[in-house]
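One chain, chain A, links the two complexes that follow: it is found with chain B in the first and with chain C in the second.
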Partner chain A sequence: MLSYESLLEMFRQNSVGIPLITRKVVLYHTASKIAYIPPLTSLFAKIPILNLIVALLFWKPFFAVLFAPGLVCILIAILFIIWFERKVTARVQWRYGPLEVSRSVGGIIQPMADGMRYFFQEVIVHREAHRPYFLQFPLITFLPVLLPILVIPAGAIYAINTPYSIPVAIALISLIPMIIVAIGWASNSKYAYIGSLREAMMYFSYEVVLIISAMSMVIIYGSANAFSIVDKQSVVPGIVLNPFAALAFFVAIAMATSRFPFEIPEADQEVVFGPFIEYTGIIFGVVMTLAYEKLYLLCMLFSILFLGGWNGPFIPPLGDLSPAFWLFLKTIALMMIFVFFRTFYARYRLDQALKIGWSTLMALAVVALVTGIGLGAVNVTGWL
Partner chain B sequence: MKDVNAENIEFLSSGVIAPVKKWGAKWSLWAVHLVTSCCGVELAHAYASGYDAERWGSLNFGMMRQTNLIIVEGTITKKMARALRITWEQMPDPKFVILIGACGIEGGLFWNSYHITRPWKIIPVDYFVPGCPPTPEGLISAIRALQKKIERGEAKTTAEFREADLEKILGKGEKERKPPKPPLKIEPKPEIKIEPREVEWEFGKELVAKLSSKLPFAEVFVIDKNRVYIKSESKFYRKVAEVLEKEGFDHVKSLNVIDVLHEKKFIVECSVSSYSVKELMPVIVTFSVEISRENPRIKSLIDIWPSIDYQEREMHDFFGVWFEGNPWMGNKFLLAPEVETPLRKDFKLEEPSYVLEG
Partner chain C sequence: MEEYSVPVPVKPPAEIESLELPVPPWLGEVSKKGDELVLFVGPQHGGSGHMRLIVRVHGDVIREVIPDPGFVHRGMEKLAENRLYVQNIPLVERPAIMDCVNFSLGYVRAIEKALDMEVPERARYIRTMLAEVCRIGTHLYDAGILSVFLGHTTGFMWPFALRELTCEILMRVSGARITASYVIPGGVRRDVDRSTLNFISDAMTYIQQKSKDFEKIFIKNPVTIARMKDVAVLSKKEAIKYGIVGPFLRASGVEYDVRAIEPYDAYDELTWDIVVADDGDSYSRFLVRVNEIQQSIGIIRQCVKALKDMPEGKIAVDTKGKLLDSVKGAFFRMFGRLTLPAGEFTTLTEASRGTLLYTIVSDGKSNAPYRLRMVTPGWYYLKGFMESLKGCRLADLQAVYGSFGYFPPEADR
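Now for the complex of A and B:
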C-alpha cells in the first residue's frame, strides 16, 4: 500500500543531489561540531502537500524528464540555438543580426520575443482542416520528444536504467516523422501534402543509415546500455574507434532534422514550411520547434555514442548536475555545428538527397558496420 | 448577455499581460513582402548587409500565416489587389501594414492608369513611406515608427515638414490634373479590304479562269501566290463549296467569322485546300459570304467536308452563328454554359468584383 509517508520516502531516497538546493553544504567539520548550510528544500520539509510536491520535483525520473536533460534543458537549448542560428547567419553575411531587443547581450532574448508574439497571435483553423487532429497532433509531438529522455541518462540523473536504452531511444525518436506526416494529413492542404510527402521520402533515405551506424557502435561496446557505453569511452571516445559510423550518423542527423543541406521538407522558398504551412500562433510555435527538439535528442545520442557522453571533470558545486552539464555542453556544441550549415550550404533536391541516402551514405554505413563487427570481435574496448 | 470575446480582447490589449504582448509584437515584426514593383529592390537593400533591418528583430519571410507585417511595395494592379486582400485576410491578428513607394499612395508614375488601385482602399495601412523609390532608411524608420505605435498605441509621423505657400512661389494656383485624352482615332467606316493582286503565277490564272466559268455569280481573283479568293452572296455559299469539292479541294483548312459591328454583318470565311490533286496541294482557296448580324444563319457544309464540324461548332460558340444542318448546334463545345458569344465586339467584360473598398 502506498501511504503518504512511504511515497515521500520513495521520492526522497532517489532524489537528485545538488548542493545548496537538495544537499547540505558542510563548511567545517570538527570532532565536536559540524557547521553547514541547510539545503533549500528543507524549508518545505515540514509543510504537508508542499513537501510532497518538492520531493516529487527532485525525484530522479521526474527531474530527468522535466529539468535536465528534459524539458527545461530543451527549452534553453532551443532558445539559444535559434538565436545562434540567426546571429551566425547574419555574421557570415556581414550583418549584425538580432541586436536592439537587448543590446548589451547581443539580442540573445530575440527568440523569446518571437515566442511571445506567437503566443499572443490569433490561431486560425481553416475550414478544410480535420479540426480535432489538426489541434491535437502538435501536442502529441511532446510524447516522442519526452519519452526518449526516460531511457537516455545524464550521469547520475536517470529515469530507467535498461540494457536496451539506445535501441529504445532511437525507436521512440523515429516516431516523430509519423507525427509530422500526420500533421500534414490533418492540414488537408495541397502544400502541406507536398511537405508531408517530402518528409516521408526523407524518412526513407536516412532511417536505415541512422540505425545501422548506431548499431555498429553498440556492437563495438558490446552493450546497448548508455552507462556501460559511456564507461567504455573513458579513455578513447567512440569517434576515434569508428569514424565511419560517426560520419554516417552525423549526416543522418542532418537529414533527420532537416538541417541544411537537407532542409527539404520545410524549404520555405519552395513549400513554405511544408507540413506546417497552415499553423498559426502558438501551435506553429510548438510544431516549429519540433525539428530542434529532434536535433537536441539526436545530438545527445551522438555525444553518448561517439563523444564520451557525460565524461568530464567533476564540478563540486553542481553535484549530480555535473555530468548532465557536460552532456548538455557537448549537445549544444554539436547543435551549433548543425545550425552553422545554414550559412554556407545550398539545398539538395529531393532526388539527390534520396540518392545520397541510398548510395554513398549507405556504403559508409556498411563500412561502419564491418568496422564495428571487426573491432567488436577483438573486443577493442576490453584492452584499451 | 456579456460579450466574452470583446472582454478577452480588452483584457489582452490593456490587462496585466498587455505589456508582454506589446513587447513581443514590437520586437518581432516579421514581414511578408509583396514585391509588385521596383521598391522590392529597396526592401532587399534594407534587409541586406548595408542597413540590416534584422537588428530590430524584423525578419523577412515569404508567407502570411506565420508573420504579422505586410510590406506592400509599390503598384497594386486590380489583379494584384485580390492577392493583397487574401494575404491580409489570411494573416492572424495582430497584423500591421507598411506601404512603401509613391505608386502605392496615389498611383505615382501610373496615376492615370486604367488598371491601378489604391492599396489603402483595399486594406488598412499603418504607415506610408513616400519616395520613388524610398531609401532603406525610410523603410527602417517606418518599422521603428510602427514599433513605437505598438508600444504607445498611437500613430505618429516620423518627419515634420515646413509648410510652403505654393501660390506665392509659383505665382498661380495649381491646375487640376486631368488625364490626357487617348490618342485613339476611330475611322467612321473601317473596311476590310480584300483586293486582287498581280503576281507571276501561271497556274493561278488558269485556275481563276476555270473557277470563274463555273461560278458566274461570284467574284474570283488571286490575292497572292497560291492564294485565291472567292466573294459571293450568302445564298451561293453551298453552291461554291460544291463546285470547289468537285474541283478536287478535299479538306477545310479553317472556318472563320469576322464581326463587322458598324455594318451589322458577319463575314464567314472558309479556306479549303487539297491533299489528293498534286497541282492543287500548295493552293489555298478562300471563299467568303456576308450574313446579317441579327439572327445569323447559314447552311452547314458538314455533308461536303465532315472535317468542318468542329470549326462550325467553335464559331457557333464564339459568335452565335447557327449552321443549319450541323447536328450539334445549340450545345456548348468549348465554353462554360453561362458564357454567350464572347468574341462578338459588343461583348461586355465583367467588372472585377474582388477589389473590396474599405
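Now for the complex of A and C:
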C-alpha cells in the first residue's frame, strides 16, 4: 500500500539533483563562522502537503515532462524562436523587426505580448463548425506533443528508459498530422478542407523518409535506446558516420513542420493558414504554435541521432540539468537554422513536394539505409 | 428553467435576396454533384487583390476561373465628363498611381493632338525620363507582389525598398511621391535642375547594383524557377487571340511595343531594344519585365545626358505656340477655358503593364470632354489571364496572378 511517507520517499529517491538549488550555497566562511543560504528545496521539507508537491515537481519523470526537456523548455524555445524568426527575417529584409515592446532588449518579449493579445481576443465559433471537436482538438494537440517527452531522455533526466525510445517517439510525433487533419474537418470550411488535404498529402510524402533515415541510424548503433545511441557518439557524431541519413532527416523535418520551402499546408497567400483558417483568439495561438512544437521535438530527435545528443562539457552548478542544457542548446541552434529558410526560399507546389519526397528524398533515404546496413554490419561504433 | 417559444413571424430581409452572389445558376449545380469544388477567392483574401475569382477545381487542377471584377470601379469615364480638361489630368492618374506619368501622358497627348501643339524638346525628354522612372517603379512593385504570392518575403521587401527611390525622384522633380500630375498640355509643369539630374543618375546606378542581389535571391532561385517555368503557357497565337498587351504579349514572342511602332515624345531619338521572350510562360512574363527595367535605366541615362547638354528653360508651350520657361501663375489663365475643336482624338501609350488607349470626344463648344474613353492594359489582358489558368494547379492561381501583375484598380478604372 502507498502511504504518504513511502510516496514522499519514492519521489525523493529519484529526484533531480541541481546543486544550484538543492545544495547549500556558501556565502563566505571565516575561521569560525560559515554563512550559507539554505537550499530552496529544504524550505518546505517539514511542511506536510507542500513537501510532497515540491518532491513531486523534482521527481525525474514529472520534471522531464513539465520542465526540461518538456513543457517549460518548449515554451521558452517557442517564445525565443518566434522572435528570432521575425527578427532575422527583418534584418535580411532591411527592416527592424519587433522592437517597440522592449526597446532595450530588441523586442524579445514581443511573442509574449502577442500571446496576451490573443488571450483577450474573442473566440469566434462559426455556425458551420462541429462545435465540440472544433474547441477540443487544439487542446488535444498537447498530448502528442508532450507524450514523446516521456521516451526522449535528456541525460540523467528521463521518464521511461526503454530499448524502443526512438521508434516510440517517432510514432507519437506522427500523431500530430492526424490531429491537424481532424481540425480541418471540424472547421468545416472549404479552405480548411483544402488545407487539411494538403497536410495529409505532405504527411504521405515525408513520413516514410523520416522513418527510414532514423532507422538507418538505429541500425548503425545497434540499438534504439537513446542512452546507448548517445554513448556511442561520444567520439564521432552520427552526422559524420552517415551524412545521407542526416540530410534526408533534415529535409523531412522541414517538410514535417511546414518550414520553407515546404510551407504548403498553411500557405497564407493561397489557403490562408489552411486547417487553422477559422480559429481566432487564444485557440489560434495554440494551433499556430503546433508546428513549432513539432519542430522542437524533431530537432531534439535530430540532435540525439546525429549530433551526439546531450554530450558536452559538464557544468557543475547545473548538475543533472547540464546534459539537458546541452541538448536544449543543440535543439535551439537547429531550430534557428530551420526558421532562417524563410528569408531565402519561396514555396513549392504540392505536387512538386510530393515528387521530391518520393524521388530525390526517397533515393537519398535508400542510400542512407544501405550505408547504415553496411556500417552496422562491420560494427563501426564498436571500434571507434 | 422552463423555456417558452414565442411564435414571431420573421421573414428574411430583402437585402439577403439582393446580396446573392453573381454566380451563374449552373455553377451551383456543378458544386452539388460533388465532382468539382467551386472555390471563391476574394475579395477578402490574401492572394486575390480587389476582385473575386470563382475557381472550379477538380482535385488540385483548375478547370475554369470566372473573374468577378468591379470592386474598385470608380466611374472614371463619367467623372471626366463633368470636369475641365486640365482637371482631368489628376483624375486619369488615379487608376494606377505608381504609373502616373504614363497615364497622364496618354491623356495629355490626346489634347495636344486636338490642338496641334508642338512640345518643346526639353519637355519631351523630361516626359520620357519620368515615364521610364514610373515604369521601373511599377515593374518593381509587380515583382514584389509576385514574390509574396510565391511566399518569398525577402523578394517582396527588397523591390519595395528600391521603389522608394523612384518615389523620391518623382518627389524631387514634381513635388509628389505618387500621382505627380506633372505632365500638362504643351509640356511639363516645371523644369528639372542639374542636381536633380545627378540624383536621378545616382539612383539608377543604385537600382542597377541592388537588382543584382535581387537576381541572386529571387530571380535565379531554384524554387522560383520550379514554380514558374512552364506554368500557364500562352502561345503566340493564343496571346494575339485573347488580346494580351504589353510585356505579357512580348513574353509570348510578339514584337509589339507602342513606343517603337508609333513613337511619341523622345522615344525615336533614343536607342533601346524591345524585350521579347519566346516561352510565354509565367517565368518569361516575369523575365521580360525584369529586362525592361534594365532597358528603362538605359533610356533614363540617355535622357539625363541629353538634358544636361540642353540649355535650361523652355519647358512648355501655350495654345498660341509661344514658348514658356514656366507655367507658374499662368496655368489657369492658359487652360481654364480650354476648348477642343469638335472631333475624336485617340492616342495609344505604352504604359508599364501594356497598351493604354484614350479617346476624347469633343463637341467643340464645351470646356469639358463630351466623352472620355479609357481602356487600361489590365482590362485588355484579363481574358488571357483567365484562359491561361486553365489546367494549372490550385497553388498556381496566385503565382500566375503575380506573373501577370494584374492590378484591379487599374482594370476597373
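Here, the second predicted complex is superposed on the first by the 367 of 384 C-alpha atoms of A that agree within 3 Å, B and C clash if a C-alpha of one lies under 4 Å from a C-alpha of the other, contacts with A are read in each partner's own complex, and residues count from 1 in each chain.
Keep in mind that, in the parts below, contacts are C-beta pairs under 8 Å (C-beta built on N, C-alpha and C of every residue); 3 or more make two chains touch, one makes a residue touch a chain.
Every value quoted in this text rests on a predicted model; they were computed, and no experiment measured them.
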Note = Per residue count on chain A, the busier partner among chain B and chain C is B
Inquiry  = According to the stated criteria, A:Q93 is in contact with first (chain B), second (chain C), both, or neither; which is it?
reply    = both
Ask   = If you stack the two complexes on chain A, which partner ends up touching A:V272: first (chain B), second (chain C), both, or neither?
value = both
Request  = Determine, under the contact definition given at the top, whether A:E293 touches first (chain B), second (chain C), both, or neither.
outcome  = neither
Inquiry  = I'd like to know which partner A:R349 touches here: chain B for first, chain C for second, both or neither.
reply    = second
Message = Going by the contact rule set out at the top, does A:G281 touch chain B (first), chain C (second), both, or neither?
response = first
Inquiry  = Applying the document's definition of touch, where does A:E85 land relative to chain B and chain C: first, second, both, or neither?
reply    = neither
Task = For A:E263, select first, second, both or neither according to whether it touches chain B, chain C, the two together, or no partner.
result = second
Ask   = Counting only touches as set out at the top, which of chain B and chain C does A:F120 meet: first, second, both, neither?
value = first
Note = Dual-contact residues of chain A (chain B, chain C) 93-95, 268-269, 272
Query = Quick one: in the complex, what on chain B touches chain A?
reply = 12, 20-21, 23-28, 30, 48-49, 52, 54-57, 59, 61-63, 65-66, 68, 90, 92-94
Query = Which positions of chain C touch chain A when the two form their complex?
reply = 37, 39-40, 45-47, 60, 147-158, 161, 217-218, 221, 223-224, 226-227, 393-398
Message = Applying the document's contact rule, which stretches of chain A touch chain C when the two form their complex?
response = 89, 92-95, 190, 193-194, 260-261, 263-264, 267-270, 272, 342-352
Key: chain B-facing residues of chain A, complex   = 86, 90, 93-101, 107, 110, 113-124, 268-269, 272-273, 277-281, 284, 288
